[in-house]
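What follows is chain A paired twice: with chain B in the first complex and chain C in the second.
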Partner chain A sequence: MLKDIQLSLTNNEIRLVRKMLGREPNQLEWAMIDTEWSEHTSYKSSKKVLKLLPTKGRYVVIGPGYDSGVIDVGNDYIITLHIESHNHPSAIDPYGGAATGIGGVLRDIICMGTKPIALIDPLRFGMINKSDHSKWLFINVVRGIADYGNCVGVPTVAGEVEFDESFERNCLVDVACIGIGLKKHLILAEARYPNDLLILAGGSTGRDGIHGVTFASKVLSEKSDEERSAVQVPDPFMKKLIIDATLEIVETGYVRGLKDLGGGGLTCSLSEIAAKGGCGVEIHLEKVNLREPDMSPIEIMLSESQERMLFVVKKEGLEKISKIFEKYDIPYSIIGKVTDDGYLTVKMRGEVLARLPAKMVANAPIMHKKSRKPEYIELYKNIKPPEEPKNLDEVFLKLLSSPNLCSREWIYRQYDHEVGIRTIIKPGQADAAVLKIPNEKFLAVTSDGNSKHCYLDPYYGAAGCMAEACRNIIAVGGKPIAMVDHCQFGDPNKVDVYWTFVEAVRGMADYCKALHIPCVGGKVSFYNEDTVTNSAIKPSPVVMVVGLINNAKYITDMSLKMVNDAIMMIGLTKPEMGGSEYYEYIHNLIGGIVPKVDFQFEKRLHKLMDKIIKKRLAKAIHDCSKGGFAIGLVEMCFPNNLGVEVDCSKIPSINCRLDELLFSETHGRFIIEVSKDNVEDIMELASKMNIECNVIGRVCGNRFKLKMNDHDIFNFSIKELKNIWSQALPKYLGEI
Partner chain B sequence: MKEKFLVYVTIEGKPMARDPEGETIHRVLLAKSRYNMVKSVRVAKLLKMIVEAESEDEAERIVTELCDNLRLYNPAAHKCSIKVNGRIK
Partner chain C sequence: MRIAVIRFPGSNCDLDTIEALSKIPNVEPHLIWHEDNELHKYDAIILPGGFSYGDYLRAGIIAAHSPIMKQVKNLAEKGMPILGICNGFQILIEANLLPGALLRNNSLKFICKWVRVRVETNRTPFTYTLNKGSFLRIPIAHNEGRYFIPKSELKDLYKYDQIVFRYVDELGKPSNKANPNGSIDNIAGICNREGNVVGMMPHPERASQSILSPYYTEDGKKIFESLINYMRMVSLC
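Right after this comes the complex of A and B.
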């Protein structure tokens, strides 16, 4: 029970509220402002920095600031995309936390009037090969995603996982969603027309998740296990009904605004639709469909009960809309109306309980934070490289089974990635998923993050996430057209942490500006640290990039296809080993130079790859990233059990030792399979663009043979390697 | 002398949490039938364990301990109650 509320507002904010209102707010009003001005809903510490990201572009319909970003994919169709996280709830209840996270991001897609068609889940945990706690979190998060996604009928098509000790107590559970719809049905979360009705539909309002937002804006403490009301219960079958009913209602043309209820509950949704639409709203709490009879007004206004949607509708449409709700057996009630006074007015049986300017509630004052470069950055940069190992066989096998590089099949085989029959390229087949969309085009989707790189160099680490995500899109034949980002950091009040945040955003922004990829939305999650160890997670910006493929014949996967085809390497390998899996997992070494991103080179590389794809010169394309060249190449061998013979001396490189050549994570590189007739064309195109490129070997047999001039490096059977790679994850989890 | 006891472990959502499964059973089956005097349904998971122990108290203590230690339930989301339900011959 909330008897005495504890405000998390700062003293300055409390003074400002009193000054803006010219009076002392009552308890309900304080609670509403407190929730809406929390970091989680207001972005008060991050807004200024996020402005660095470019948000305009030829495909952009709606940029950041709404529930999802909207891009135009032609022929009257739009795509909506959004990314969110449910880190804190998942840390205490991994199953329910992950499932309700999906529920949340689905609502962000539905409330634009679009149909969710794909889920993407980037995840981060502690080392599952060492910690039982992380294992428990990991298993249950994946199960939560699978159960919710599979029940609600939206395929989970892509994702990525990273394991690092810094996530031991704060796992990161990101959920992203893609929606599709007709442009004419696009609806915004705005209340623009006075006297329109407000309908609250879906689940009933209960005490679960009260103050969840303020909870997310707090550092996790030992007491979190006790904060029980912050855990919500997922209900995918109700969500499925809401998706179908909402889309049917949107088609009636009577809906003028639509907003989901997530963090901050009614307070957040009402103040935001009123502030965005330039109107006011008036609601009657006795009309809200309650689960428990004795809830206080504060509890009703802050409840974050799941599966609720707020519709703003024309009066004339009420009858038709009610019928649709009744058909789907979805509870709904008319809780109030849009007004012209700009106020958020809360009434109970006629009595005014709260009356606040909507714009004031919705727009928290921006906070200016100090930042300072952490000392460790320079310290780690100049570490001595480890000695070159004598036995590279052992190193390679160990890397292949490292939690960060081994097969993800254990995860995605639990997900239904087919439902909806749009998934053309499925998990594990290529660097990105490819979906068929109704306008005869195809959408490529991928997500990326690299906290090890971002820890050592947040600028190039974050730019690198973008670079890799774009390479993933290109590798399946797509052209990157938009991105959403999710910035996950520790406590922004710590100057060191804030510096890493600013640098990471700068890195992403510079990449996006150079390559003309607009950011259409995103999310910030701070306070990912715990008070027991007093440590923050490694900086973890995660990006989701979508790309467009105009023609089915451009779609490419990463599997080697035919014996005697040439294997070519595009791009230059450099000894950039900082944050590499090789340094961290093999040598237990944190430090070194993180791979840099050369923006001008990236532009040329994208052009070159575009030409190779359009001329259909490559049969398989795979980007080189985590684990480096050797891991990238062997992943191409696995699908069809085809072997390779490669001479590593042919790999374009500068100043690389053999181990660096094999395991450096330098950006801007692709491995491609090419039929012999097309080799010359590619060499010519590459030299025209001034990009290093060479034939390094050929497809043959079923062994993984690498040599350096005449000296053999590796000679393994593909089957043996595949076994090690694919059994690693089930082994860590104790299933084999 | 050790005896065998039947111990019931009930794992259910916290009282304040929603229970979509119970709600569905209630809404679809009961509230719309002539059994509309049933006002609420909640679904729980019941584990029946046969435990060797010296006494009822010891059996209950062992099961309580194992539920907590092995995380048979998540204290953040569930309520777990343990009851000894007689001896097994």
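Right after this comes the complex of A and C.
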């Protein structure tokens, strides 16, 4: 039997399966185990390391292990959050891959009984200013997200994009989603009550997406283009109907379990609901609504056709639920029932085709991987700093138009970020999006990643992603309350790669522990490498952090607002140039010391900012990160075309050359606009908490004037800078 | 005053429109599933934005042929105020309740953006209390919003005062720069000859609460309030 099908299981796993079952599984059973034990669905290589992340906290209702994390936001409301990626499919079919990625994460939100209210898209590509392939991927991924997200009626409110050569063959297409609902309607993916009915609803089951998870659990090769059938077909219209119908059905109170069909198809969903609920399930394949007539049992059990949901319902509710499906014209069929035997039983016209213990299928044995610090780490750390450029004007203008720092408007204009009428802070207005939620509170949402930092120092790089995301939340007036993470790495069987994974998780975990921010979910995507260039992506953990804002008056954006206001710098600038845009884009230099994160300092910084926000002392807040101080400051000038006069000698700093002062990406810094009357208060608060802080200049005119004592550094018109910044992306894409 | 907001499969601004209407005194908004057949019980009808039937085939065309549109046509002939927003506008055009066509944006991309429009006529129920020549800030979000009509018919639009909104710049001029999608003569909204059926690409329901507006405005609300005042006037006559 075994020799007829291609398995990804290791020899050890094959032996273990035989031992656990006490018999030779048949072909269908092998295929089911193979799928469910793949890296993609089982987390077998990562589970142990992910345990480092703290998962408990005062807001947490449900932590990792379910389709979404669940947070209590008060007044009987919960929010759900999850992050997913569709990297492999998008690398081959960028439009369909990106679109179906959204479909997947939406299902994770609705299957908790909550309504999706926001999408967030962190994306990573090769250098679009050099590579036509990356340009093609980028344009079509954005279009795929737009077409799907816009149609389904969930606003895309935030995201980020990073360009780096390491993503040339393996682009990273992540998507995160936030849902909201009443706590009493929360539903878990569990089958707890024998004789409850299993209803499969939504799209029909076809041959698309078969072996999607095993496809995702290996490296891309030249042949990958032939695997386009492993990418599913998007249908946002059907998804919209499923969202509406599911939420209506959840309100009937008859639903006792809900699970989406994603990676691993029916096999995954059935074994997981049974294992989690401590029951068994029995299904009849002839009841499954098929797209093609002659599908084999293996194909039916593994199909990853999109837009399908599995409902576990009380028998009494069948009539009412059926009516709702019929109202929305959603095909559905009762495919089986919950049993009390703990087995996943697959039948076809009465004949048993497979019978496996659900817990065994759902719980792949954990793999212990070896790790070793890659040699390059120490090598790159000690490189010599580049010579200080004579013409900083040129450097600044080049940075402003670099793919990683230029305006993102070309992207977010294509996303409907208003639908749902809750987007208060919109893309481009501040460091995070702010959403109105029905309990009169506000939710701040952001995502962050930094592969350049993580490559040189995965520990501080990943901790830095958390630090930056939290600063983003704080900059709009929020308090970070939870995070989800997405770890994206190369082949975990390579010791070097695995070491970077462990270090990155450790970095995020240490930050989360110190700042009491629970991790409520996440995702791991390994094998992001290809055999064509024989290289892996840079380590790319990505985090999404959500924050709560209790009062509308605390909401702040980053635009400078009034002439003569003071501009203040909070935090100390250090010459931490490793992985900076300045080193990499200007000097073509990989190496140096990556910005460190001081956890104790971060705690004090969060407290200080909380006081500044609650007392409403700042009119604009912007975190200082990618591109450094100069880029951060100019971004604050753009919205209202207001200029500044700043003396850089006033910036609190330590051992910095001028270029380092301007472009270092040191963590723990904010630039704020303050009316002159409030300067004293802020200085006092900062000094009490032992945080460096200084007035560095004022808002005035419409020019960007930076000097060092009496020596002029920059003097540009804001309009000119804004043109360069906002036209860069369309120029790279050949539109202007 | 009872307003029907019709929900087609794939509508996605229906609940937003209901929410915006519910904040206006004396308005009772009702979400009406497209299979409902008692539209005559309402005082006005709104076709909300979204992607009815996934916008498959062509934006708005499938919904335009759904049974409920027969009732909408009858009621339109009887003079009931009817507003189509975005996809609703596309449906009204495909149903031949409004002239012209809505083509793909000239950028060939979806555009989500706050724009400024000028009120060109106040003879419709939806602009009744607005001043002709006044300005509104309302966001657009569409892929197929480029209004087109042959030159000869365009003349008629002017002749019969059927242009309701035009995209304008900060100086109030319908300039090329202010035209987000390439619409002919910067047209953002039109009405039928009688003036009771209005279609517009911008989303007033998204501009009805100051907290949602980058300008702290509530210009969208004015369109709904206008309808209420118009209905009050009609009932007094």
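Throughout what follows, the second predicted complex is superposed on the first by the 732 of 736 C-alpha atoms of A that agree within 3 Å, B and C clash if a C-alpha of one lies under 4 Å from a C-alpha of the other, contacts with A are read in each partner's own complex, and residues count from 1 in each chain.
The rule is simple: a contact is a pair of C-beta atoms (placed from the backbone, for glycine too) under 8 Å apart; a residue touches a chain by one contact, two chains touch by 3 or more.
All of these numbers come straight from a predicted model, not from anything done at the bench.
State whether chain B or chain C is in contact with more residues of chain A in the superposed arrangement.
The larger set of chain A residues in touch belongs to C.
Regarding the shared-chain residue A:Arg207, is it in contact with chain B (first), chain C (second), both, or neither?
A:Arg207: touches chain B, not chain C.
Check the residue A:Glu418 against both partner chains and state whether it touches chain B (first), chain C (second), both, or neither.
So A:Glu418 only meets chain C here.
Between chain B (first) and chain C (second), which, if any, makes contact with A:Asp76: first, second, both or neither?
So A:Asp76 meets neither chain B nor chain C here.
Using the superposition on chain A described above, determine whether A:Phe237 touches chain B (first), chain C (second), both, or neither.
both
Applying the document's definition of touch, where does A:Arg291 land relative to chain B and chain C: first, second, both, or neither?
A:Arg291: touches chain B, not chain C.
Looking at A:Asp93, would you say it contacts chain B, chain C, both, or neither? Reply first, second, both or neither.
Only chain B is touched by A:Asp93; chain C is not.
What part of chain A is shared between its chain B contacts and its chain C contacts?
Residues 235, 237-238, 329 of chain A touch both chain B and chain C.
Show which residues of chain A lie in contact with chain C when the two form their complex.
Answer in residue numbers: 143, 146-147, 150-153, 235-238, 240-241, 327-329, 412-424, 426, 429, 436, 552.
Would you pull the chain C residues touching chain A in the complex into a rising list?
Within the complex, chain C touches chain A at residues 9-10, 12-13, 16, 19-20, 33, 35, 49-51, 53-56, 109-113, 139, 141, 143, 203, 205-206, 208-209, 211-212, 214.
Which chain A residues qualify as touching chain B in the complex?
So the residues of chain A touching chain B come out as 92-93, 95-96, 136, 203, 206-208, 224-225, 228-229, 231-235, 237-238, 291-292, 305-306, 329.
Provide the residue numbers of chain B that touch chain A in the complex, in ascending order.
Contacts found on chain B: 13-14, 16-20, 24, 27, 71, 74-77.
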